[in-house]
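Below: one structure, written as structure tokens.
Letters A, B, C and D name the chains as they come in the text, with residue numbers starting at 1 for each one.
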Amino acid sequence: MATLTRAESPTPAAGPRPKAGAPDAAAPDAEAAASDPALTPDDRLALYRFLVQMRAIEERGVALYKQGKVPGSFYDGRGQEAISVGATFALGPDDVVCSPLIRDLGAHLVRGTDVTEILRHYMGRQNALSHGREGNVHFGDRARGVVGMVSMLPDMMVVAVGLAMAFRMRGERRVALSFFGDGATSRGDWHEAMNWAGVRKEPVVFVCENNGLAYSTPSDRQFVVGPAERAAGYGVASTTVDGNDVEAVHAAVHAARLRALAGDGPTLVEARTMRMHGHGAHDDQRYVDPELLASWTPKDPLTRYDARLTEQGVDTAAVRERVAAELEQAVTVALTAPLPDPAVATSDVFCAGEPATLGRGDAPWSFHSPEAAA
Amino acid sequence: MATLTRAESPTPAAGPRPKAGAPDAAAPDAEAAASDPALTPDDRLALYRFLVQMRAIEERGVALYKQGKVPGSFYDGRGQEAISVGATFALGPDDVVCSPLIRDLGAHLVRGTDVTEILRHYMGRQNALSHGREGNVHFGDRARGVVGMVSMLPDMMVVAVGLAMAFRMRGERRVALSFFGDGATSRGDWHEAMNWAGVRKEPVVFVCENNGLAYSTPSDRQFVVGPAERAAGYGVASTTVDGNDVEAVHAAVHAARLRALAGDGPTLVEARTMRMHGHGAHDDQRYVDPELLASWTPKDPLTRYDARLTEQGVDTAAVRERVAAELEQAVTVALTAPLPDPAVATSDVFCAGEPATLGRGDAPWSFHSPEAAA
Amino acid sequence: MSTMTYLQAITDGLRTEMRQDERVFVLGEDVGAFGGAFKATAGLYDEFGADRVQDTPIAESAIIGASVGAALAGLRPVAEMQFSDFVACGFDQLVNVAGKMHYRTGLAVPMVLRLPTGGGFAGGPFHSQNPEAWFMHAPGLKVVAPSTPADAKGLLMSALRDPNPVCFLEHKNLYRRQKGEVPEGTHLEPFEARVVRAGEELTIVAYGAMVHAALAAADTFEPGRVEVLDLRSLVPLDEEAILASVRRTSKVLIVDEANETCAAGAQVAALVADRAFSDLDGPVRRIATPDVPIPFSPTLEASVLPTPDRIAEAARELLAY
Amino acid sequence: MSTMTYLQAITDGLRTEMRQDERVFVLGEDVGAFGGAFKATAGLYDEFGADRVQDTPIAESAIIGASVGAALAGLRPVAEMQFSDFVACGFDQLVNVAGKMHYRTGLAVPMVLRLPTGGGFAGGPFHSQNPEAWFMHAPGLKVVAPSTPADAKGLLMSALRDPNPVCFLEHKNLYRRQKGEVPEGTHLEPFEARVVRAGEELTIVAYGAMVHAALAAADTFEPGRVEVLDLRSLVPLDEEAILASVRRTSKVLIVDEANETCAAGAQVAALVADRAFSDLDGPVRRIATPDVPIPFSPTLEASVLPTPDRIAEAARELLAY
């Protein structure tokens, strides 16, 4: 008889997982302590590295797109890197990200998804994430507890609520994390997700990336009252943070996660930010006031964090160099990847065997993985 | 060249309209005065008559349903009559009701829709409202500015927003009125309608019939925060009234209408009430606590209004008798109506000629129709 | 074996699997203590409790989307649309999220969407629809439509064990009218067609409630002339069973309660016209509901839904062709 | 006449009618100053202002539902889905509210829903769909799909004057690739099919982008052998034009970019197999995209979408039948 797995961890992902932490069900004390989420120097370094890595990959991605090596379209999260990185860094390995969106490459990096695979995926080559069936940031990494997004915004919030519901029903200490943009709040599914999560007190954390724009349309044509304020109408807790401060985002999501684990229900974390590039690589965003953009340049999440860490004596240049070198290596490898076998175009529409389960993601934060931080 | 009709009245409906008032664009002073919506004795009599009529028709409808004369299903609004009657009574003739729902027969009666036609419609006989293509309260009366509901809740709120948008774009002094139940607030379309109306400041009035139940499901499984409080999250004004007090509902909707006409945007009027019958005639609602029901019995909107008017010297028994006699007459006529010609089953899926426009409804309230009150 | 209605067989299938597999849970509007608008979940709440028999808000998109999430987490949700007509409100989650998940990400979505469908009881334009062709045109969804109590249980239990999203079309008009022997305990039926009346001269292809209309029509001919094939599953479509039957009889009449254009029947007709063309001795005939919303008035409704009479008449014409 | 792209012809059709009929207005995501994701509304905001060229919230259901309301009030809304794929998010308002309104209430819903459709540019599973069969299976919606710049304008202007909801499928892959002569000023095309290449031995039925693939395939045969029929309108479907062509040529190949099952092509095949059966000298063949989400990688996408080569091969087989 198949049984409901109560408080057990899901099947661990296959393959070597250098930084995977202990399941947090096993570390309640560390968590309690972490309500003051003091980050260690290693954590800071890791955060910085993910920020740099996200920016570097996306800059390279735009270039590859312009060279015709990336088909279709290309979207990036320039200026918003701190959100996906900071938020995902607050998760435990068994938590599920459902889903990172087009500005959220950092979430995939934090969870440990392989960069070469990501590049192959972007390029529509053979790859383990999507087999070429999907493109741009539309990928997930099943083995690392990341569910790939769909385009329809914000559908995946609803799915995250369903995941959280399952966690709660099974008594598991896990949360689901879902990202959404300010523009996506106008859609009915946003409401259905918020309402359901609120009425059921599901252990879910919603992270709003409020960059004031939905493609070309500014917030004042989208809503009158901001997302965080609206949360109250659903019995959902909310908090607003500086989305360009990676530690602030991390702290807010960390607190939200603990709240969810404590059975206190969902939280909406609104991260205020600015989209520094066009909607996609095709968009010069000339509709955005250059002065507004200029006013955000000093708030760049990388520059700011760089300054902070440099002050703390970190050799940030070394990090940047290492990331750059690793990336060039990955690009070189990815460019040699073959195109997918046309047979995969028509296979796997249906699942034939046992469903594959969601695996565990990397959780590099020391409070969740003391042994990894040692 | 076809032009946009600015501030003109829509085409008046054909046929004699005994109580149709002046278009309110012509009576701004009357309206201003009506911000203290003192009702005349005639108004009160009319309100009472509509309450009695709604109850009488629905009681007869249930009986006819049980006799097999009404096919399909039958829904009524017992205990909630004051809401549709009071709200619709506050409208001007050019305003549009989009749409009365299954508890809102009173809206149709106030607008002047013929009772015999309604009965024929219920019975699936030849009738001018639906030609037998629709059943139960799924009818509208185009000629009286009433758009029939669809089952999908609360889709018609969105449509009402579109109507209001058109009124605003053309500079017309008209509002759209839409009803919805507490349960319907969980659906995405509720959110999209509220958000759109709020962000565009459309001249629309939303009337929430909060009876604490969606079919068998109580409010605490539907939402954490009530509809009126939620309105603030959309920049939509709100007010909560005793839904069993026809004058209170009227006053609130009257104020909301003036607000909309003044360009101040939408209002949500939450009318608190209790559904005294099952969801439909098939439902014995044994899932409702009998004590709860009993506690609402003294609040019956008819009994209460009856007492009030009796105190004011009105011969309410005479009204009830007249309504009953008229109804029996209408039932007799309706029962002789032939079944529809099967040809109408397949005709009119598409509109062939010029679209028929929405006509003007009755607006018996003296403040809107001084001449009719005279 | 015990005798049950189609509706009881559905409840029995749910109950049987819920007892065996703790991952299976039910959610939908009023499915809890109330037992659902049609009482398909009657008694389950008492036996399995509020977590496994969940009343939801009126939110079809969330019902489907949350089911997807729960399925990804390893549960086996069975979501009910109060009437199949309301699936339009959750269409996006169904076709874009559930249907495409496995192909795109490798994750499976083992969920069942129960859809009370069909007309014939004065339900009108919003309580009588047959939406299956929409699902058939959306890759990644399985679609089944039982016609008998035994198949209702057997296909449902198979759906509950299928690792894919399955749209389970239960015809409201069969709920209480169809009674029959239903195997006790686990009963699994494959997603395949079945010949329910053998015949040599004409194949009538049908599914759901139309199987009974087709049988009634077949009964007006001498035994052995008209074959009735019950598709039972629309995705996967049992193409070989259809082709085998038509090749043998050389004539085909396809019956569909759904609106005619682009219906399941159109797909069957296209299949036959392509792959059994050389065996055909007459045109590929269809009977379906014309492209109109289903009217409320019983006389109007009866004039558009396929009836045994209309089917028999078309069969007669084809046999004489 | 002036030479325009398919995209420019759409803009021109909108502009022309907006100048003539103040009731016509445009709404959708980013359609205002930005001119829309594909620039179909470029310049209209400057000419007609914010009320008649409205940026909306990301709310497909409200875009469609509010358009219904505006249409009921006597305006002529033209709503844009940023990609046709997103119509699933507003499906209910389209099929249940817009499509059934006239039949149920006598009120008309004169609105146009512009839907950028189709694949061929690595758009992946959510930016490449062809949803027209869903609409065809929903009574009360008209469905048109132009293949040329002149038809894009002509069918659009006819749609703008139609008193019904019209789903206007504009194929993204034709936007900039198709150039042609387009009549200036008012240009109205009827919702009827047109023979775009005359032939005697085989009819290829196609619409939208597939017309060009069909023409390329037809070009590989001697002139006069292969006829290409451009449906242009799917609802109403020009049944007589289809039947007349097939009866003359006696063979038919139906091409569809949409997923195969229950597609428009299935309906055409069913029609032919029923009403032109006795004139057929070969099986009713179809080419369509298999039932898979449209994959992203160009090699994968090219392997599933119908191509001139695949069409020509099927045509060759049929001609030899």
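Everything below uses one rule, namely that a residue touches a chain if its C-beta (ideal position, glycine included) is under 8 Å from a C-beta of that chain, and two chains touch if they have at least 3 such contacts.
Bear in mind the structure is a predicted one, so any value in this text is a computation, not a measurement.
Student: Moving only between chains that touch, what is the shortest number of steps from chain A to chain C?
Tutor: Tracing touching chains, the least step count from chain A to chain C comes to 1.
Student: Show me the overlap between the contact partners of chain A and those of chain D.
Tutor: Touching chain A and chain D alike, sorted by label: B, C.
Student: If I average the CA coordinates per chain, which chain comes out farthest from chain B?
Tutor: That would be chain A.
Student: Have a look at B-C versus B-D and report the one with more C-beta pairs in contact.
Tutor: Between B-C and B-D, contacts are more numerous in B-D.
Student: From the C-alpha centre of chain C to that of chain D, how far is it in Å?
Tutor: So the centre of chain C lies 30 Å away from the centre of chain D.
Student: Report the inter-chain centroid distance for chain B and chain D in whole angstrom, where each centroid is the mean of the CA atoms.
Tutor: Taking the mean C-alpha position of each chain, the two centres sit 40 Å apart.
Student: Measuring from the mean C-alpha position of chain B to the mean C-alpha position of chain C, what distance in angstrom results?
Tutor: 38
Student: From the C-alpha centre of chain A to that of chain B, how far is it in Å?
Tutor: A distance of 47 Å separates the two centres.
Student: Using the touch rule from the top of the page, what residues of chain B touch 2 or more other chains?
Tutor: Only 130, 133-134, 138, 150-152, 186-189, 192, 195-196, 199, 221-223, 349 qualify.
Student: Can you list every residue of chain C that touches 2 or more other chains, as numbers and ranges?
Tutor: 56-57, 59, 61-62, 85, 88-89, 92, 96, 100, 103-104, 125-126, 139-140, 291-293
Student: If you connect every pair of chains that touch, what shape comes out? Choose line, ring, star, complete or other.
Tutor: Drawn as a graph, the chains make a fully connected set, so complete.
Student: If you look only at chain A, which of its residues touch chain B in the complex?
Tutor: Those residues of chain A that touch chain B are 185-192, 195-196, 198-199, 220-225, 229-230, 232-235.
Student: Show which residues of chain C lie in contact with chain B when the two form their complex.
Tutor: 29-30, 32-34, 37, 55-62, 83, 85-86, 88-89, 121-127, 290-293, 295-301, 303-304
Student: Which part of chain C faces chain D closely enough to touch in the complex?
Tutor: For chain C paired with chain D, touching residues are 85, 88-89, 91-92, 95-96, 99-100, 103-104, 125-126, 133-134, 136-140, 235, 237, 258-259, 261-267, 269-270, 272-275, 277-278, 280, 282-286, 291-293.
Student: Where on chain D is chain B touching in the complex?
Tutor: Touching chain B: residues 20-23, 25, 51, 56-57, 59, 61-62, 65-75, 77, 92-93, 96-97, 100, 102-108, 110, 139-140, 142, 163-164 of chain D.
Student: Could you please specify the touching residues of chain B with respect to chain D in the complex?
Tutor: 1-5, 10, 96, 98, 130, 133-134, 138-140, 142, 147-148, 150-152, 155-156, 158-167, 169-170, 176, 188-189, 192-193, 195-196, 199, 348-358
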